[in-house]
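Per-chain residue numbering starts at 1, and chain names A, B and C are given in the order in which the chains are listed.
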Amino acid sequence: MSDQDYRPGLRESATFDRSTIHEIQRAASTGIYDIRGFGAKRKVPHFDDLLFLGASMSRYPLEGYREKCSTDVILGNRYASKPLHLDIPVTIAGMSFGALSAQAKEALGRGASAVGTSTTTGDGGMTDEERGQSRHLVYQYLPSRYGMNPNHLRMADAIEVVLGQGAKPGGGGMLLGQKISDRVAQMRTLPKGVDQRSACRHPDWTGPDDLAIKIEELREITDWEKPIYVKIGATRTYYDVKLAVKAGADVVVLDGMQGGTAATQEVFIEHVGIPTLAAIPQAVQALQEMGMHRKVQLIVSGGIRNGADVAKAIALGADAVGIGTAAMIALGCNHPRWEEDYRKIGSAAGFYDDYQAGQDPAGISTQDPELASRLDPVDAGRRLANYLRVITMEAQTIARACGKSHLHHLEPEDLVAITIEAAAMARVPLAGTEWIPGRGNGGF
Amino acid sequence: MKHISLAEHSVRELNQLLHDQARELTEPAWRVSDPDGRHAIAAGLDQDLSVDIEGHAGYYCAGMNQKATVTVHGTVGVGVAENMMSGMVRVKGNASQSGGATAHGGLLVIEGDASARCGISMKGVDIVVGGNVGHMSAFMGQAGRLVVCGDAGDALGDSLYEARIYVRGKVASLGADCIEKDMRPEHLEELAALLEQAGIDADPKVFRRYGSARQLYNFKVDNTDAY
Amino acid sequence: MCGIVGLYLKDAGLESRLGALFEPMLLSMSDRGPDSAGFAIYGDEVAAGNIKFTLQNEDPAHDWDGLMQGLRSTLDGKLDWFRNTSAAVVKTSADETSVRDYLAAHSPDTRVMSVGRSIEILKGVGHPRLVAERFSLSGMAGSHIIGHTRMATESAVTMSGSHPFSTGHDLCLVHNGSLSNHNQLRRELVRHGLRFETENDSEVAAGYLTWRMREGASLSEALRSAIDDLDGFYTFTVGTRHGFAVLRDPIACKPAVLAETEQFVAMASEYRALARLPGIANAKVWEPEPGKVYVWEHSARHVEETGT
C-alpha cells in the first residue's frame, strides 16, 4: 500500500491482496485468462542466494587484465562435424520474428556477432535480417513449424529442437491477432489477424524414442554438419536430460521457470516449472552419470542478468548460458525514456510485460511499423554488445578471484549458499557450514 | 540410372550422394533397393531427381523434399514427406501417421491408406490419398488441399485454418470448427486437376468438400467448449 | 519409450521356428530401446493341474541346484526344472502359494517373472542383442511371443523395470509410451492388495489389468476400462495363454502396426520389424485405431476387434 492510500484501520489480506482481487475482477468481466509476456515474477530461490569463495590464503587469485581468463566455448562436438566456437559463453536465446520486430531481431544479431556469440530464431522461421547480421545463428525447430524451411536449416549454424521452454513447459506458443501483421502472416502461412495457436507437441513425433529418429533425419538433411540442440523447460530435468542425451542431442538447452515468453497464460508462467537454480544440478547429475558432462554441452537460461549469474551457472556445471529477457532490456525494453507511452497503455517503465499486445513503446515486442521504427538496430545492437561485454568481464572478474584461468574451471565447490533453500537446490553448503541439505538422501 | 542397395550402403552414404546432386546434377535417376524400413531415406533432397525406393521405408522418408520426385514401392513409416516444399512423393502402399505433416508445397500421393494425422499443420502441400485417412487428419491445416478417396477417421480438419479437404467416402466425425461446404464449379475443377495429377481415376462429383467455419480464429468466450 | 514386437502363429508348422522368426523383429527395435529387453514366450504347456514358473536371479553365482533341492523336498508334488543362464523354469504340480512362500523365505532375491501353464518371461538389462543371445532366443519354439526393448523414461534401468510385466497367470503386458496418472492409480491398487516392485508406469498398467480381471472382467473388458482409467500415451500389447491383445490410447501418438496372413499375426512399433517375416509382402497391414481393443485368441482361432 503506497503512503497516499494509507488510512488507519485498513488492512490488506495477504491471501486476497489487491492484485489477486484485481485478477478475479478481470477474469469475471472478460471471461479469458490473463495472457502476458516476460517470465515468472514471483520470488524463487535464485543465483542471488549463492556466493563465491574468492581466493585468499589457501587459493591464489589471478591478476585482472594481465593473467588470462578465457571465456570461449565449443558447442556441439559430440556428433556434428561443424560445432560452434563461441568467444563468450553467453548466447542469445530463441525469440521469434513475430514476437519481436524485425529491427529487434536484427539488433540481437548485431550485438551477438560483435562479441562472438550466437543468436537464435524462434517460432515463425528465419528472417534475412537476422541471418544477415548473425555470425552464429541457431535455427529453432518447433512444434508449429511455422516458416520451417530446409534451406534455412542448411543455412543455420546449429539446430535447436524445442520441446518446451521454462515459462511454459508442456504448453504451446501463442501469438495474438494484433501481432499477425502481413509479413508475419505470410511467413507463417496464416490469415492476417488470427490468434495463432501453436501446438504443444511436435506433429510427427512424440517421446524420446521417436525424437531419436527425428534427430537422425535432421542430421541426414544437413549432412551431419550442424550441432543438434534439444531445448527443454525445467521440470523433470534429471530424466529429460538423460533422454535428450539418449535421443542423440549434441547440446541440451535447459530453460528454468524464470525464462521469458512472448505470450502465455499468467497461470502457466507463475505456476509450472522449477527454478533455474534447482534445475541445473539435476541436469549436471544426469550428464555426469552418463559420462557426458562437458561432452554434451549444457546451456542454461532463465533469469540470467549479470556476470555473477553467468559464473554461478557455469560453476554449477553449465557450459554456457542463454539470455532473452536481459537481452531485450539491453536493447531498450522497459526504458524510462518511454515512460509517458507506458502510462498511456496502463503500464510503467520497469513493469511492462504485455508483449502479447504488440504495443511496445520501445518498438521491440511489436509488429507496428511506427513503433518498430523507434528501435535503431545499430544503436540497439551496440547496447547489447556492451552489455554482453560487461557481464562477460564480470564473470571473468569472479573467476580470476577464484584463481581460474578459464570460466569453465569454476566448480560447485567455489560456491556457498546463504539460504537453506538455495543450499538444498544448488547442492552447495550453507555458508560457513559443511551442510548440504538433502545430501545423503539419494540426491534429488 | 544409378542403383544403390541399402544392404550394402548406409542411408548416410545414399543421402550424401543424393545431396551432392544439388551442387552438380550428374545423375537424375536413382533406384534404391533393400530399404527394409530404414529411416530418413532420401530426406532433404534439393534437386530435380527421380528416386525409386523398392520396398518399405521407415520414418521421414523424403522428408523436407524439394524439387525431387520420390516413389516408394512399398509402405512408409511416420512423417513421409514431412515439411515438403516442392516436388512429388508417391507411396504405392500405405503410410503411417503424420504423412505430409507441415508440408509447404509439392504433391504427396499415397495410393493406399494413410493413418492418423495425415496432413497435420499442412501449409500449402497437396495430398491425395487413394484409400482412407485416420483420425485428426488435416489437424490445424493452414493451406493446401487434402483429397481422400476413401473414408476419413474421427475429428477430420480439427482447428482448421485455410486448408481445403475433399472426401469421397464417409467421414467418421468432423473436428472443431470444420464444416461441410458447397462444391462449387471451381472446386470441382481444382479437384479434377488434383486427381489427374495424382493419376487417380475418380469422379470429382461424388466428393464432398470441408473447410473451416472460421469461428476459432480469434478467442471468444462463448467458444470455450471447443478448447 | 520403447519398441514393441509380437508374433502369434496361426500355422502350427512354424512353431519350431518361433524364436528364429522373432529374434530379428526384437533386434530391429534396438534403437528404440537400447537399455534393456525382454520377451514372453508361450508354448511347452504343462498339463492341467500343473503350473510353470519363470524365476530370475541377477547373481550369476546363484545356487539354483540348492534352491531346487530345497523346493523339491518341501513341496507337496513333483517338480521339474531347467536353467537358462540367469533364469530357471520350474514346472510343478504343487500349488502356487507354497512355491512363493518358499522362495520368499529361502531366496528373497529370486524374482518370480511369470506364472501360468504356458508363459515364460525372460528379460534383462543391456542391449537387446545381448539379452537375446543370453537366453538363446533364436532356438526357442512356441506358439506366440511378445517382446520389448526399453528406453527408460522416469524409472531406473533394472531387470525388474524391464518389460514384459506379468499381469496374472499366463498374462503379460508390454508398453510404449508414458502414463500420466500411474502414481495415483498405484496407490489405489495397493489398497486393493496388489504389490508393485518398481516405480514403473507400465507395471501399474499391468497391475491394473490383473486387478480388473481378478474382479471378474474378461481381458477385453479390462482393456476397455483401461481406456477410461489410464491417462497418458500408450500402445499396449498383452500376451494371453491363447493369443494376444493390442490397445492404443485415444490420441494414439505412439506407433503401432499390425500385419496378418494365413500363417501369423504380427505386431510391432515400426513396420521394419515385420519386413522379414515370410509372406509379409501379401499380408494385410494396418495401424490399430485409437481406443480400440484388438484381441486374437488361439483356441478358437478367431479375431475379436472390439470398438468402444
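Convention: a residue touches a chain if its C-beta (ideal position, glycine included) is under 8 Å from a C-beta of that chain, and two chains touch if they have at least 3 such contacts.
Chain labels with UniProt names: A = Glutamate synthase domain-containing protein 2; B = Glutamate synthase domain-containing protein 3; C = Amidophosphoribosyltransferase.
Just so we're clear, the structure is a prediction, and the values are computed from it rather than from any experiment.
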item	value
Chain contact topology (line, ring, star, complete or other)	complete
Between A-C and A-B, the pair with more C-beta contacts	A-B
Separation of chain A from chain B, taking each centre as the mean of its C-alpha atoms, in whole Å	35
Whole-Å gap between the CA centroids of chain A and chain C	44
Where chain B touches two or more other chains at once, by residue number	58-59, 78, 97
For chain A, residues contacting two or more additional chains	210, 213
In chain C, residues with contacts to at least two other chains	253, 255
Residue ranges of chain B in contact with chain A within the complex	11-12, 15-16, 19, 39-40, 43-44, 46, 58-60, 63-64, 66, 78-79, 82-83, 85, 97-98, 101-102, 104, 117, 120-121, 123-124, 139-140, 142-143, 159, 161-162, 217-219, 221, 224
Chain C-facing residues of chain B, complex	36-38, 55-56, 58-59, 75, 77-78, 93-94, 96-97, 113, 115-116, 134-135, 153-154
In the complex, chain A residues that touch chain C	201, 206-210, 212-213, 236, 239, 243, 246
Footprint of chain B on chain A - complex, ascending	30-32, 144-145, 148-151, 153, 177, 188-191, 193-195, 197, 199, 203-205, 210, 213-214, 216-217, 220-224
Residues of chain C that touch chain B when the two form their complex	28, 252-253, 255, 257, 270-273, 275-276, 285-287, 289-290
